[in-house]
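Labels A, B, C, D and E are assigned to the chains in the order they are written; within every chain, residues are numbered from 1.
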Amino acid sequence: MKVSNLKKYYTVRDCFFAKRKILTAVDNVSLAVGRRETLGIVGESGCGKSTLARCLVSLEKTTSGQIQFDGVELTTAGREELRQLRRNLQIVFQDPYAALNPLRTVGESIIEPLLNYHPGDSRELEEKAEQLLTVVGLKPEYKNRYPHQFSGGQLQRVNIARALALKPALVVCDEAVSNLDSIVKTQIVDLLLRLQDEFNMSYIFITHDLHVVRRIADRVAVMLGGKIVEVLPAGELAAAIHPYTRYLLSATLSGDPCKRRQRQKGTQPAGPAGRYGTAMSGCALQHRCPELCEQCRVEEPLLKTIGSIHQVACHLNG
Amino acid sequence: GCGGKPASAPANTTLKVGWDFEMPIADPVKSGYFLVRSGIMETLVAVDFDGKLVPGLALEWQAIGTTAWKFTLRPNVKFHDGSLMTAKSVKLAVERFAETAKTIPLDSIEIVSDHEILIKTRKPVVALPAYLATPEASIYGEKAMVDGKFTNLIGTGPYKFIQVAQDKSIVTEGFTEYWKGAPQIKQVINRHYPDAQTRFMALQSGEVDFIRNVLPANAKLLQGKAGYQVAVSPVGRVRVIYFNTEQAGLADREVRLAINHALDREAIVKDVLGGYSKAAAGMFPDNLPWGNPAIKAGEHSVATARNLLDKAGWVDNGSGIREKQGKKLELNLITYSSRPELPDIALVVQAQLAAVGIKLNIQVADIGAVEKAMASKNFDMVLVARGLAFTPDPSIAFEDFRSTSMSKYRPNYVNKELDSLLEGALRETDPAKRQADYYQAQEIIDKEIPAIFLNYYVHVDAYKKTLRNFRIHPTEAHVLTSDLQFQ
Amino acid sequence: MALVVEDLRTYYFQADKVIPAVDGVSFSVLPEKTVCLVGESGCGKSAVALSLLGLIEPPGKIVAGRVSLDGRDLLAMPPEELRLLRGQDISIVFQNSRYSLNPSLTIGIQLAETVLSHNEVSRSAAKEMAVDVLRRVRLPEPAQLCDRYPFELSGGMHQRVMIAMALLLKPRYLIADEPTSALDITTQTHILDELMELKEQYGAGMLFITHDLAVVAEIADEVAVMKQGKIVEYGSVFEVFQNPAHPYTRQLLQSV
Amino acid sequence: MKQNLWSRYWQRLKHDKAGICGLMILLVFAGMALTAPYLSLHDPLAVQLGAKLQNPSAQYPFGTDHLGRCIFSRVVYGAQVSLAAAGIVLGSVLVISLPVGMFSGYTGGMADQIFMRIVDTVLAFPLLILALAIAGFLGAGLVNVMLALAAVWWVGYARIVRGLTLAAKEKDFVMAAKAAGTKTIPILYQHILPHVLGTVIVLATLDMGKLIMAVAGLSFLGLGAQPPTPEWGSMLNDGRPYFQAAPHVMLFPGLAIATVVLSCNLFGDALRDALNPQGMTE
Amino acid sequence: MAKEGEARVMPVNFFIHRGISFIILLFGISLVAFGLMALVPGDTPEMVLTSIGVEAPPETVEALRQQLQLDDPVYIRYGRWLSRALHLDLGISYRTGLPVVEELGSRLAATVQLTLASLAFALLFSVPLGVLTALYPKTWLDLIGRITVLTGSSIPNFWLGLLLAYVFGVRLQWLPIAGAGGWEGLILPAATLGFGMLAAYTRLLRGSMLDALSQGFIRVGRAKGLKEKWLIGRHALRYALLPVLTWFGISIGQLLGGSVVVETLFSWPGLGRFAVESIQGRDYPVIQGYVLFSALAVVTVNVVVDCLYSCLDPRIRLGGGREP
C-alpha cells in the first residue's frame, strides 16, 4: 500500500448559526507499507490516527491525496472494485462495542466477511466461526451471544477475529489490543505475528503501547497534529531524534512499584496539547518543545530522510 | 350551553335550528334555497301547501300575449334595511336571476309603474311565474349590490340576517316590519349538523329546538316521548328507477313490466323507510296538483312477473337466473350514497328481483358518477331521488322523458308520441289543455315503463313540542315561516 | 471510613444458564488509597465496578453481598439518597467511553448537568467548572470543546471527557474502568498525575481497573488480581509485584 | 447461528404472552376468514325484511341488521374482505417503501434528493383527496381502491424508513460491515433493516386498523367494496343510522375491527421487542 | 493536534439549499394540485350548474365552458391558474360564489384550533404513557397502559365520536355536541381525534424510549447521579423523540385531512369537512385551493420539523463526516 499526500478535513460549527470552520484531521500524510511488513503508528490522542485508518480502508472520503493498494487507486475505485479489494484489506475498529451490530450474534458478525467472499455451507462457516473464536482466546460457544453480553476485551477479540477471518493481505488495527490484559495481549500479538509469517500479511498497527510496537512493528510512524513527524525502524526507537518521539519514549512508565516516577508537583507538565481552533503556522510542537528555535514558529518542518528508512520532520534535528 | 349565542334575545323567543344541508350565505342566485327556507328572502310568486302558485311579493300576474308577463307588486313591502320594495329592485333581481339561470330567455324588463313591471321574453315561456317561484329568483334590496357584486343580504322575509357567528352558525332576527306582521320568534340561530346522528343528539340534549331530516329509526325513538313532536311532511320528490331502454334485456317492455310487478313497493316503504314514505302511483305525489289520478301503483305479483318473463323468452334453466339464447338476465343498477336510503332500497330491489330470476348487480357511486353513466348511456338501471317541485311546474319533471331535452336523468327512452305531446305542452298556454297533455303523458309513461316510480319522499323533522305552527311546503322551500312561535 | 465490598456476587441470568460474572469478591478501598483491579479480560472487573454503584441491569443481578460506603449500605439505600451519592461521593469512568456519551447533547451540557444535579450553582458557574475540569485532563481549547458533540471527538478525547466527568465534583471515591487505555503515554501520565492529585489533595480513594501493569506499579497501593469472578490474590502492590503467590499472577507479571 | 436471524426472532417472540395472544387472535380471524362458508349460520347477503334489526338471539348470535341480514355471518365473511384488503395494501406498502427508503437513505446523492422531493410532494397532499383522485381515475372497485391506497400510503413509510436509515448508517457497525466487504444490498438487509424494522412494525400494525377504515371510507364514497359485500368498515357505516335504535348493528363489526387492530398492535409490540435483544434475555 | 483554518470548501448554504428545494416542491405541488382535477370524474360546467340547482341547457353549459376558458390547452390554463394563485387569487367557489381564499381562510382557524387541541390531547396522555410503559416494560402497568391506549384508537373514529357525544352530550349533558363556540365545544371533537393519535404516539414513544433506555449514556447518567426525571426527560426522551417527530411531520397532512370525519360529526366548521363537501359538489376551485393550502401547511410544518430535528440530532445539522 502506498499513500501520498492524504488529507482529510472536517467542517465543524461551534453553534448553530456560527460559520463553519475547517478542521484538518489528517494533513498531507504519505506512507507506504510493503508486503509482510508492519507499520506501527503512534501519536498523541486525537492526532488523527483513527481518521487516517478509516481513510486507508476507504470508509471515509478523503479530501485529497492518493491511496494505492495492490496497484489500484482506492480514492477513485468503483464500488464493486473496492469491495473486491476489501477481501485483502481489513480493519479493526478502535471502539469494539460500536463496531458490532447489537442485533446480531458475534458469530454472525465474525463470519460476515467469509460469507461475502466465500459463501458456503453454513455448517462449515459455523465451524470456522468457532475456530476463529478459539484462535483469539474465546470460547466457541460464545458465538451465539450478543455484543452486550461481552466484556470490553472480549469484544475487541471478536473484532480481531472478524478482521482475520479472510486472511487479508493488510489489516489496519486501530488500538486493537488496548483493552486486553497482558497475557491475552501477548497471545494476540503472537497470533498476529504467526499469521504474518504464514500468510505474508501486512499490518498497520495503531497503538499507544510502545512495548507492543517494539514487538510487532518493523517501522514506526509517529504522528502529531495530523502529520507524520518521524518514521524509523522499530528496533531503533531509541535512536529517535524528533523531540516528540523522544518525549514519548521518556514518558514510559517503569513497571516497577519501587521505581515510581517522582511527580513534579505544581509544574505544568509539557504544556497544553496542540491547538484546536485557530490556524497555526510552524511546527505543531512549538508550544512545548524544549529546543524551540525561531524557524519553528514560522515554518512548517517537512519530512526529511536521514537514514536508510529514518525520516524526520524537525528543523533542529533534521 | 353553547357559545355563539348573542346575549340579547330572551331564551324562550330564540329558536335554534339544526339544519341538514349546508347553509351557504351568499348570492341568492346560487344559494337561494337556504335563504328562502330560513325565511330571509322571498320570491315574487309563492307556493301554497297544495303546491299551487299563489301571490308572494307580487299580488298578481298576467300574460300579455305570448312573450310578455305583467306583474303587479305587493305595496308597502319593506326590505330589511327599511327601504320599500320598488319595481326597480325587483327588476334588478329578476334580471340577475335570468342571466345566471338562463331558463328564462329574457328580452327586457320594463318598469310600468312603481308597482308594475313587464317581463318580456324572446321566446314564449309558459311557466314563467313558476320559474319566478324558485328560490334563486328571490328579491333583494338595491343596496344588496355593491359595485355589481352581491354583498349584503337584504331580503323581505320574516327573518332578518344578522351575522355569521364564529362557529359558522347563522344568526337571524325576527323582522318587525314584515309585511305579514312581525314574527313571534325574536331570534333564530341556524346551525348546520351534517351528521344525522349528532343532529338528532343535539335535539335530544336540548342544544337545538328543531332539527330537519330525522332518520326513521330515530324518529321512532322520539314517538311517544314527551316533549318532542315528529313532523312528517310529504314533499315533491320521488324515488325512481330509470331504465336504459336500449340495453339488451330492458329494450323489451315485458321485461320492464315484469320488474315493475316483481317489486314490492309497500315492503320497501315499510321496512326500509320505516313507513316514512308512500308507495308511488305514477310520477307525482298527491300533494302536488299535477298527478293523473287515474294512474295506480304497480301491482306486486311475483307470479305475473314470472309469467311475463317466461313469455318474453327468459327462462330459468335451473341456475336461478333466467336466460335467453345463452345470455343471462343480469342487470346493473347504479345509485349513490349521499342519500343513505338509496343503497338499501337497491339491495331490497336486488332481493326482490332475485326472486323472479333476475340477477341485479349494484354499484354505489356518487351522484357525479351516476350522471356520467346516464350521459354516456352506459347503464342498465339507475336509482335516484328526483326533486319535482323546485320549480313549481310539471314541465321540468317531464324533461326526463323528452328525448331531445337536456336533462341529465334521461332514461335513454325515445317515444315520438310522447315527445310531441311534451313539446306541445311546453308551448300550451291554456292551463286546462296543458293539464290534459300532461295527464296523457303520464299515462304513456305508465304504460311504457321507461322508469319505475317507487315511492314518494316524506320529510321527517322533529322539534320540541313547545314549537307551534310548523308545516313544510311540498316544494321544501319554506321552513322557517313567520307564524312559527313558542307556546 | 472506607468503601467496603463483602462477598459480592453478581450473576447474569441467561435463558439456559447462569454466568457468575462476580463470584464472591471482597475488598475495601480506604481514603487516599488506590486499589488496582487486574485480571484477564472477561473475568468480571467491569461487573464489579457496576455492582458497586448498583448499576447492574437485567438480566444481571447482584445475588449476594454487601457494598458499604462509610458504613452505609449502598445496595439497600433509597433511590434518592443513592442518586445524591453517585457522582458526588463516588463516581465512575466506564470502559466503553464512546458509547457512554449522549450523541445529541454537547460535551458542555453533559458536564454541566452533573454539577447542576448535585449543587445549587448557576449555569455559568457549572460551565466554568466544566471548562476547568476539561483543561485538567489536558483537552485542548476546553471552552470550544464544550460546544462540540461526541461524534466529533476521537477515542482518546472521549475517554478524557469521561474522566473529566468523573473528576468534576471531586468525589471521595473514584472507580475507573480502564480510563487510559486509549491514551498515548504522555497524556496517560498526565491523567495519572491528575488522579493522584485528587487522592492527595482531597483524600479520595480509588478503585482502578486496568490491564496495564506498568500503571499498576505506578499508582497502586493495593492490588487485587481477579480470575473467573474471584479474587485470587490481594495485597499491597509491593508484595504482589515482588512475591506473587498465585500462579496466575506470576504469569501475568511475566508476560510484560 | 443454527437458526437464522429471523427464526431467532421467533424464539424470542414465543415468550411474549401479550404478543402471542395478539397473534392467536389474528390467526383466529384468519381462520375465520378461510372457513367462513362453514362457520356462517346464514347467507350473509340474504335480505330478509321481516327479520330486520333483531337483537342477538340463538338464531342470530349477533342479531340482524336493517335489512334482516345475519350480522354474525356478515362479520365472519367480512373477515375475508377486510383482512385481505388491509393486509395486502400494508404488505405492498412495506414491500415498496422498505427497499426504496433504505436505498435512498443509504446511498444518498442525487437519487435521494429527487426521491425526497417526490415524497414531499405526495405527502403534502391530503391522503383522502389523492386516493379519491386515483380511485376516481382507475374506477370503482375494491382492487382499485387498494391500489390507490397503496400508492398513497407507501410514501410516508418510505420517508420514515429513509430517516431511520440515515441514523443507522452512521453507526460504526455499518462501517464495519462495509469494511468486511459486505455488498450494499446485504448491508441494507442484514444491518439496516433490523434497525429500521422496529419502528416500521409499530407503525404498520397501527395502520392495519386505519387501512380497514380507509377502505370503508372510500367504499362510502362509492369507490370501494360494493354493497352488499360484507366489509367491516361498510357494515359499521351502514349501522350508523341505528346507533341509538339498535346499537348492536354497529357494535359487532366495530368490535371486530377493534379486536383485529388491538391484536395487531400487541403482536407488533412483541415483534418490536423481539427484534431488540437488549433487556429481554430472561 | 488537528489544524484548523477558515472555511475553504464552503458547502452550499443551508438556507439557500432549503429555499431551492422549497420552490421546487411548491412547483411540484401546484402541478399536482392542478393536474389532480383532471383525474376526477364529472364534467365541470355541468357540475357547476347542477350544484346551483339549475337544469342546464346545452347553450348554458357551452357558455360556462367558455367563461371558465376550459377549451384552452392545459398548459395555458395551468399558467393562468398559477399566476393567479401567486397573487393569492384562487378563484371563486362554484357553490357559494365567494372567493376561495376567503372561504378557506375563514375555516382555517377552526381547523388549526381542532388540530392543535387534539394534538395537545394526544401528547398530554401519550408522553407520560409512552415513557411509563417503556420504563416498566412487560409489567402489568405496561400491559394495561398499552391496552387502554390501544382500545381508544382501535375504535373507529366515527363510532367513538358518536359514543362520546351520546354519553357526554345526551346522557350526562356535560358538554355540547356541536363543537362550536367556547372551549367546551372543543373537548369532544378534540378527544375523538386525539384518541386516534394517542396510540400512535404512545407506541412510537414507547418503542424509541426502550431503545433510548438501553443506550450507554443512560447508565452513565445514573452513575453521575442525575435526577431520574432529568435523565428521562433530557436524555432518554430527547433521544426518543426523533421518530415521533418524523412521524408528526409525516402525519400532519393526514391530521389535517383526517379531521374530516370528526368535523362532520361534531359539526365543526373546519377545512376538512369543507373540502369533502367541495369534492362531492365538484367545486374545483375550492378543491384546488384546499390542496394548495394544506400542501403549504404540510410543507411549512415539515420545515419546522426539520429544524427541530437538527436541534435534536446534531449529526444531521453538521452533516456528519461519513460518506457511504
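Keep in mind that, in the parts below, a contact is a pair of C-beta atoms (placed from the backbone, for glycine too) under 8 Å apart; a residue touches a chain by one contact, two chains touch by 3 or more.
Treat the numbers as computed from the prediction; the structure is a model and nothing was measured.
S.K.: So which chains are sitting against chain A and chain E at once?
M.R.: Looking at chain E and chain A together, the chains touching each of them are C, D.
S.K.: What is the minimum number of touch steps required to go from chain C to chain E?
M.R.: 1
S.K.: Please tell me whether A-D or B-E has the greater number of C-beta pairs in contact.
M.R.: B-E
S.K.: Comparing chain centres built from Cα atoms against the global Cα centre, which chain wins on proximity?
M.R.: Given all protein C-alpha atoms shown, the central chain works out to be E.
S.K.: Let me have the rounded angstrom distance from the C-alpha centre of chain B over to the C-alpha centre of chain E, please.
M.R.: 39
S.K.: How many angstrom between the C-alpha centroids of chain E and chain D?
M.R.: 21
S.K.: Hey, how far is the Cα centre of chain A from the one of chain C, in Å?
M.R.: A distance of 26 Å separates the two centres.
S.K.: Let me have the rounded angstrom distance from the C-alpha centre of chain C over to the C-alpha centre of chain D, please.
M.R.: Inter-chain centre distance comes to 49 Å.
S.K.: Got the chain B residues that touch at least 2 other chains?
M.R.: 197, 366, 369
S.K.: Pull out every residue in chain D that's touching 2 or more other chains.
M.R.: Within chain D, the residues that touch at least two other chains are 170, 175, 178, 240, 243-244, 276, 278-279, 281.
S.K.: For chain A, which residues are shared contacts with two or more other chains?
M.R.: In chain A, 10, 12, 44, 46, 48, 59, 95, 98, 149, 273-277 touch at least two other chains.
S.K.: Can you list the chain D residues touching chain E in their complex?
M.R.: Spelled out, the residues of chain D in touch with chain E are 16, 18, 106-108, 113, 116-118, 120-130, 132-134, 136-137, 156, 159-160, 163-164, 166-167, 169-170, 175, 178, 198-199, 202-203, 206, 209, 213, 216-217, 233, 236-237, 240, 243-244, 250, 254, 257-259, 261-262, 265-266, 268-269, 272-273, 276, 278-279.
S.K.: Could you pull out which chain D residues touch chain B in their complex?
M.R.: Chain D reaches chain B through residues 46-47, 49-50, 52-53, 66-68, 140, 219-223, 226-228, 240-246.
S.K.: Residue numbers of chain B touching chain E in their complex, please.
M.R.: Touch residues, chain B against chain E: 1-5, 22, 24, 26-27, 29-33, 100-103, 134, 136, 150, 165-169, 191-195, 197-199, 201-202, 204-207, 338, 366-369, 371-372, 375, 390, 396, 399, 406-408.
S.K.: Residues of chain A touching chain D in their complex?
M.R.: Touch residues, chain A against chain D: 54, 57, 59, 79, 83-84, 86-87, 90-91, 93, 95, 98-105, 107-109, 111-113, 116-117, 122, 126, 129, 143-144, 146, 148-149, 159, 162, 166.
S.K.: Give every residue of chain E touching chain B within the complex, in rising order.
M.R.: Residues of chain E touching chain B: 41-43, 46-47, 50, 52-60, 63, 95-98, 106-107, 110, 161-162, 165-166, 169-170, 173, 176-178, 180-182, 184-185, 264-267, 269, 273, 277, 280, 282.
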